[in-house]
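For reference, the structures are reproduced in the following blocks.
Next, two complexes with chain A in common: one pairs it with chain B, the other with chain C.
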Partner chain A sequence: MLNGEPVTVQETGDKMLVELYRRYAGNYPKFFKMDTLSRLGFIAAEILLGQPADQGQPQVQTVILANRSASIKNDTDYQATISDGKYYPSPALFVYTLPNIVTGEIAIRHHIQGETAFYILDKEEELAPIIHSTPFEAALTGWCECSKPNRFYAKLQIIWNN
Partner chain B sequence: MVYCIGHNIISPLGEDTQSNVKAVQSGHSGLKIYTDRFADVEPFCASLFATPQQFVPLCTRCAETAIRQSGIQGDSNDVIFILSTTKGDNLDLLTPALSIARHFGNPNSPIVVSNACTSGVCAQITAKRLLEAGLYKHAVVIGCDIQTRFIVSGFQAFKALSPEPCLPFSPERKGLNLGEAAATIVYTAEPHEGWRLEAGSIHNDANHLSAPSRTGEGAFRCLQDVTEGIQPHSISLLGVHGTATSYNDAMETVALERAGLQNVPISALKPFYGHTMGAAGVLETIIGMQLVQKGTFIKMLSGFGGVNAAIQLRCE
Partner chain C sequence: MEQLIEQLKQQIIESLNFEDMTPADIDADAPLFGEGLGLDSIDALELIMLLDREYGIKLADPKAGKAIFKSVRIMAEYIQANRTK
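And now, the complex of A and B:
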């Protein structure tokens, strides 16, 4: 859904994220290095920050995201590189074993040098008081979760403090 | 502004804040070479507990002392628990936080701050904001990480570990050492004498996921924010991150100079504790407050994801 309207996609799972990348971004090969959590947040940010801005609204310089399961899907992928007698720890996977990496990917892409933060919370509604007590002019905020392969959910929005 | 009314550290150097401060002042280090702690990993130098600790009991044991000292009631609706960790209890961050809050009978959902190495400073900033917004009266900020094969193998894959005790800001520095610890600070919104948290700031470099900006952009902006209106000579001590990796210490030097703080005394505690990750920001803030009896103390951190954070604390 984008601004309350459904977005039509052909693919499902990880392939859907690639489909959306080709539609909304397409010129950022680093996307293919990212784990699913980062791809998910990257695409959501790409779609939202690519929307025509209202006149006079400040640019987004703050990113505040949250979820329940941290970076567990990618953690499991990294774990597989050091398990079962096959010890070849992958630095490319290890870098994504922190949930705030998705906020870093978004910051790099959109030159955001304000606050970036990631919280682990039990329920989505627990993010609101954190956002409301954070000082910012315009923030990309919301829930960004990937708990298992092909299982993900993001609900992001831009908030302006006027 | 929020006020520090309790603190505690449990680390390989001691079971409470005072024993930790004494160990640091006597020059004791927790760093040792480990050759067979975890399967497959190469020998590494780290500060680890002699007996491997479990995450939740370590956190609750650490917090109990700080809460008792503060005089607050852990089971009160006015209290929020904030956990700073990067890897939690075997990769699970939420369940241990819920267990810790439940241990104290606290009715509020805890908050986990997972902002890489800056988490411990970010968690204190979160506490300050929630208390200042009037949402709670007191916050228990717990920073904790314990070392695992997962973490050590990853840092080795990154070639970020020094094979010997780390040397922050030395031209001979070879990388960082990992460490484990738990540290707790209790903050209150009610005016109290002693240390208070005056300001906090978080900025991203928007440059690289695993290496800091060469211009120290995010760290510089954080320092600029938290030292606004303060003369550098009135700052008693600045607690740097000082991981002893080539890039981090070079970046911090640039950021300090850009912020006009090159003549402020600095402390880097990694040669005593190693990099305690989620605990670092809380542990190193407590030690800083103890080393400075009166005046202004600044604590800065930087981490993966390009994020930087700094806080300003004052005691008059």
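And now, the complex of A and C:
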């Protein structure tokens, strides 16, 4: 959904993120090096920040995201490269073994130079009090979750403190 | 040598997740870093892992990678001369 309107896609699972990347970005090859959590946050931010800016509103300079499973999906993928008798730890997977990498990827892409934070919370509702106690003018906030292959959920929004 | 170059291109695409690329898109003589494929330091580590995993080559001195990873062709020549599997 984008601003309450459904967005039609052909693909499912991880391939859906690639489809959305080609539709909404398409000029950022680093996307293909990202883990699923970062791809998810990147695409959601790409769609949201690509919308026409509201007149007079400050630009987003803060990113506050959260989820319940941290970077478990990529952590598991990385673990697989150093277990079962083989030991070829993947540097490309290692660099995504922290959930806050996704906030960094978004900040790099959109030249956001303010604060970024990623919280591990039990429930989505727990994020609101954190956001309300954080000083900012305009923030990209929301829930960005990927716990298993082909299973992910993101709900991002821009909040202005006027 | 040409067969090894094509195989290496495919392995690079898979290791570095170049989902949009085919071996034909990679110029065997183009620089891998900077211009050309535009690889970064994490990619360099992946290439070092690739040499170990696929060809049994362990780079004791990471600085040696600078010379070996100049292009796919130079990399293939190094593999042919040093591979243990």
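We take it that the second predicted complex is superposed on the first by the 162 of 162 C-alpha atoms of A that agree within 3 Å, B and C clash if a C-alpha of one lies under 4 Å from a C-alpha of the other, contacts with A are read in each partner's own complex, and residues count from 1 in each chain.
Here is the rule we use: a contact is a pair of C-beta atoms (placed from the backbone, for glycine too) under 8 Å apart; a residue touches a chain by one contact, two chains touch by 3 or more.
These numbers come from a predicted model, not from an experiment.
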{"item": "Touched partner set for A:P91, first chain B, second chain C, both or neither", "value": "both"}
{"item": "First, second, both or neither for A:D122, with chain B first and chain C second", "value": "first"}
{"item": "Superposition-derived comparison: chain B or chain C, residues of chain A touched", "value": "B"}
{"item": "Contacts of A:P99 with chain B and chain C, given as first, second, both or neither", "value": "first"}
{"item": "Touched partner set for A:A25, first chain B, second chain C, both or neither", "value": "neither"}
{"item": "Partner chain(s) touched by A:A138 [first = chain B, second = chain C, both, neither]", "value": "neither"}
{"item": "Intersection of chain A interface sets (partners chain B, chain C)", "value": "89-91, 95"}
{"item": "In the complex, chain B residues that touch chain A", "value": "40, 86-88, 91-94, 97-98, 109-116, 122, 126, 129-130, 132-133, 135, 149-150, 153-158, 201-210, 217-218, 221, 304-307"}
{"item": "Footprint of chain A on chain C - complex, ascending", "value": "15-20, 38, 42-43, 45-46, 49, 52-53"}
{"item": "Residues of chain A that touch chain C when the two form their complex", "value": "18, 29, 32-33, 88-92, 95"}
{"item": "Complex contact set, residues of chain A against chain B", "value": "63, 68-70, 72, 75, 78-79, 82, 87, 89-91, 94-95, 97-101, 103-105, 107-108, 110-123, 126, 129-130, 132-134"}
